[in-house]
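You will see chain A twice below: alongside chain B first, and alongside chain C after that.
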Partner chain A sequence: MSEDVIKGKVLKHDTQTRTMHWIHLLAFLILGITGIGFYWDIAGIANIFGGPANSSLVHRWTGVVFTVAPILYILLNFDRFSRFVDTITSFSKDDFAWLKTMGGYVPFIKVEEVPPQEKYNAGQKILGILIIIGCLLIILTGFPMWLWRDVVAPATLALCYNIHFWTAIIMILLVLGHFFLAAIHPKSRVEFSSMMLDGYIDAQITAEHNAKWFAELQKTE
Partner chain B sequence: MSIFTEKVGMTRRQFLKGTGMLAVVAIVSGVFAKIGFDAFAASDEYIAQRAAGLYTLDEQMTIRKSHENPEIIQIYEEFLSPGEQKYLSEKAHHLLHTKYGKDIPSFIDELKQHQDVA
Partner chain C sequence: MSTLLSDGVIHVSDKCKACDHCTSICPTHAIKGRLGEKHHIEVRKCINCGQCLINCPFGAIDDVSMVDERIIKALKDPSKFVVVQEAPAVRVALGEEFGQAPGTNVKHKMYAALRRLGFDKVYDTEFTADLTITEEGTELICRVFNDLGVPGYEAFGPLPQFTSCCPAWVKYAEDKYPQVLPHISTAKSPQQMFGAVSKTYLAEKLGIDPASIYSVSVMPCTAKKYECDRPEFIASGFKDVDAVMTTRELAQMIKAAGIDFMSLEDEQADRFIGASTGAATIFGATGGVMEAALRTAYEVLSGETLDKVDFKAVRGFKPVREATVEIPVKALGGKVLPVNICIVTGTKYVDDVIEDVLAGRSQYHFIEVMNCPGGCVNGGGQPIRRDTY
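Right after this comes the complex of A and B.
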C-alpha cells in the first residue's frame, strides 16, 4: 500500500443500486415491524398501520415491493448484478485471512495488517450470500402463506410459517449488524454515505479497505 | 481531484455466475410454484367431486321437497292447520319457528302461554 495520500473520490454505488437499496431497506423495515406485531400480537404496532387487518394488508403488499424491487433491478442492471454475484461468491486466500482477523473490527483480536480486499470484504461477501438466501426463503414461504393458505396441507403451511419467522429473525439480526458496521463503527461508518447518499467514498479509504478493487479502478483510469 | 469509477460491462465468468444464480432462483421458484398450483388444482378437483356427490345424493332421493312430503302434509292437515295445508298457520308459527340466544327466555314464556292449545 502506498504511503502517499490518494486524493479523489470513488463512485462505489450508482443511482440505481442506491435506489434499490433504499426501497428494499424501507420495505424490510415495514415488513419487520408489521411481522413482529403479528407474531407477538402487539396491538400498538398493528394500530400504527390501521389495525390488524390493514397491518396484514400492508405486510403482504410491501412483500410484493420487497420481491419486485430486486427483480426489476436485476433485469435493468444485469451487468452490475453479475459483477456483484461474482464478487460475493469468489473467496481467495486473502478473504480467509481477513476472516481469521475479522478485518480488525473485533477489539480483542489484535491485527497488524488487514489482508487486501475486493469491492466487498469477506464479511460483506458472507452477508451478501446470507441476505440473498434469506430473501429467497422469506419470499418463497411468504406467498404460499398468503395465496395458498386454503389449499396446501396444514403441516406445509406450518412449515412455511416456521421458516418465514426464523429466517426473518436471522435477517433482522444480520441487518442490525450490517447497520452497526456501516453506520456506527468508527472504522467503517464512512461507508454509510456511499450507499445512502451520493454514492461516493473517499479514494484513500477505498485504497485501504478495498485495496484489490482500488488497484483495478486505477488500471481503468 | 480524481473520480474513480467501475468499468462498465461484465466478463464471461461474471455473466455465467449472474445467469447461473438467476437460473437456480428461477428453478427453485418454479418448483415451489408447481407445488402450489398442483395443490390448487387438487383442491378444486376435490370441491368439484364433493359438489357432484351432494347433487347425486339429492337426485337419488325419493322425496326431494319438504312440502311434497306426505308425512308433513298429514301433520298439517291433522294438527297444525286442521282440514287444510296452511304452512304459516298460527300453531305452526309457534311450534316450528324457533328462536336463539337472548330471545330464548321470552320464547319459553310464549310457549308456556300456548301449552294448553298444543
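Right after this comes the complex of A and C.
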C-alpha cells in the first residue's frame, strides 16, 4: 500500500447513476414499508398511505417506478451497465482472497493486507448480483400478483406471494447491511458521498480500497 | 335455530391476504374488497357455491361445518338411527385426500369407512338421482304437452324448463330473476328426495319411527348445506335432510377417526329398492341431468327404448352449449318433435339465457344450469387442488 498521500478526488458515480440510485432507494423504502404493512397487517402503516387499499395502490405504482427507473437507466447507459455487469460477475484470485479476509471489515479477523480490488470489491460484487436477481424476482412476481391475479391458478398466486415476500425480506436485510457499510462503518462510510451527494470520492481512499481501478484510471489519464 | 339461512354458509376468515383472486371467481359478485383490502362476502348476494373457497390461494375462506354440532352428536345419540347418502361426485374425489389420482372411484372403501364411522345404514344418492331424473323428464313431457295445447296438461308450467337440482343456481334465480321461477322444475334435488324418502318410505320399510331417523348426506357441494336447512323441505313432517357434510369433511372425519382408508376392505352400499340405472352416475358431470332426463322423456314419448344413448353433442366444457334432439312422438302419430336443449355451466353465464326466456325469445325447451365449472365434480365441497397451472 502506498504511503504517499494522493491529493484530489475521483468521480466514481455520474449524475444519472446517482439519480437512478436515489430513485430506486426511495422507491424501495416505500415498497418495503408498505409491503411489511401488508404482511403483518399493520394498520398504522396502511393508514399513513390512506388505508389498506390505497396503501396497496401506492405500493403498486411505486413498483412501477421501481421497475421503470433501472430500465430507463440501462437503456440510456447501456455501455456503463454492461461494464458494471462485467465487473461484478468476474471474480479473480484477489476477489477470493478479499473474501477470505472479509475485506478487513470484521474486527476479529486479523488482516495484514487486503488484496487490491477493482471499482467494486468482492463484497460489493456479490451484493450487486444479489440485488439484480432480487429485483428481477420481486418484479416478476409483483406484476402477476397485480395484473394477472384473476387468471393465474391459486397455487401459482400463492407461490408468487411467497417468492415476493421472502425475496423482499432478504433484500431488506441486504440493503440494511449495505447501508451500514456505506454510511456508518468508519472504514467505508467515505463512500457515502460518492453515491448520495456529488459523485466524488477521495483519490487516496480509492487508491487504497480500489487499487486496480485506480491504476486503470491513471493509465487512461 | 340455525343461522345458516341468514348468515350464509361461506365466510372469509381473517387469514385473508387481500389478493383479490376470489372476486373474479364469484359468479354473483358477492365478494367485496379491493386488492390490498381484506375481503368480505355480502350474504344477500352469495349463493353458497363455495367456488371462492376452493379457489382461495391462502385457504382464507371457510364453510360452516355441521360435523361437530349435528353429525357427531347424532352418531353418539343411541336414540337416533343415522342414515347417510353420498352424491355421485363424492366417490371420484374422496380418494384425492388419500393420495389417489383425481377421478379414482373409491366408493366401496367409502361405504366401508362410513360404516366404521358409525352410520347405521349407508345408502347411495344414485337411487334418488334416478328419481329426480324421472321426475324432471316427466315434468318436461307435461310442459311440452301443455305448450302444444294438449288437453289435460294446463296445470303444468311454461317452457322452457330449467333444472332444479343445483341449489346455488336456484338461489341465484330467486335472488335475481324471481320472474323465471315458474320455469324451474318443481322436482326436488336428489339430496332432498333422498331425505324425504328416508323419513317416509324407508322408515316404514325398516319399521323405525321417522322421528328417530337422522338423515345425513355427503355432498361435493357447500350450497347443499343451505338447501338442507331451507324451511320448505319438511313435507313429511320431518326435516328431509338433517345435516350435510362435504367430501372434504368426510375425509377429515375418516382421518380423525384413525381409519386407514386405502386398506379398508371393499363393501357395498345398503340397498332399499331395486337397482340404479347408472344414469345417475353421470349426474356429477355437466350435462348429466340433462342427458338422463332427456333419455327418460325420449323413451316415454316415442315408446322406444334407446339401448344406445347418443346425446354426445351436449357434453363438453364450453360454458353454454346447445343441441337439438328429434323425438318421434307416438301420441302425435309419430310426428317428430325437435327438442332444443341447452346446458349452462357456471351461473355467471346464465343471464343472457334468462333474458331471452323472459323476453320470449328463447328457442329452448329444456335448460340445465349447474353453478360449478364442469359440474358438481368441481363443487365447492371437493378436495382443494394445489395445481400451479
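Operating definition for what follows: the second predicted complex is superposed on the first by the 220 of 221 C-alpha atoms of A that agree within 3 Å, B and C clash if a C-alpha of one lies under 4 Å from a C-alpha of the other, contacts with A are read in each partner's own complex, and residues count from 1 in each chain.
Following the convention adopted for this analysis, a residue touches a chain if its C-beta (ideal position, glycine included) is under 8 Å from a C-beta of that chain, and two chains touch if they have at least 3 such contacts.
Remember, predicted model here, so these are calculated numbers, not experimental data.
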Touched partner set for A:74, first chain B, second chain C, both or neither: first
First, second, both or neither for A:174, with chain B first and chain C second: neither
Chain B or chain C, by number of chain A residues touched: B
First, second, both or neither for A:55, with chain B first and chain C second: second
Touched partner set for A:206, first chain B, second chain C, both or neither: first
Chain B versus chain C as contact partner of A:23, first or second or both or neither: neither
First (chain B), second (chain C), both or neither touched by A:150: both
Contacts of A:38 with chain B and chain C, given as first, second, both or neither: second
First, second, both or neither for A:190, with chain B first and chain C second: neither
Contact residues of chain A, present in both the chain B and the chain C interface: 150-151, 153, 156
For the chain A and chain B complex, residues of the former touching the latter: 6-11, 74, 78-79, 81-83, 85-86, 89, 132, 136, 140, 143-144, 147-148, 150-153, 156, 200, 203, 206, 214, 216-218, 220-221
Chain B residues touching chain A - in the complex, by the definition given at the top: 1-11, 13-15, 17-19, 21-22, 25, 28-29, 32, 35-36, 39-40, 42-43
Footprint of chain A on chain C - complex, ascending: 17-21, 23-24, 33-38, 55-58, 385-389
Interface residues, chain A side, partner chain C - complex: 38, 51-57, 59-60, 145-146, 149-151, 153-159, 161
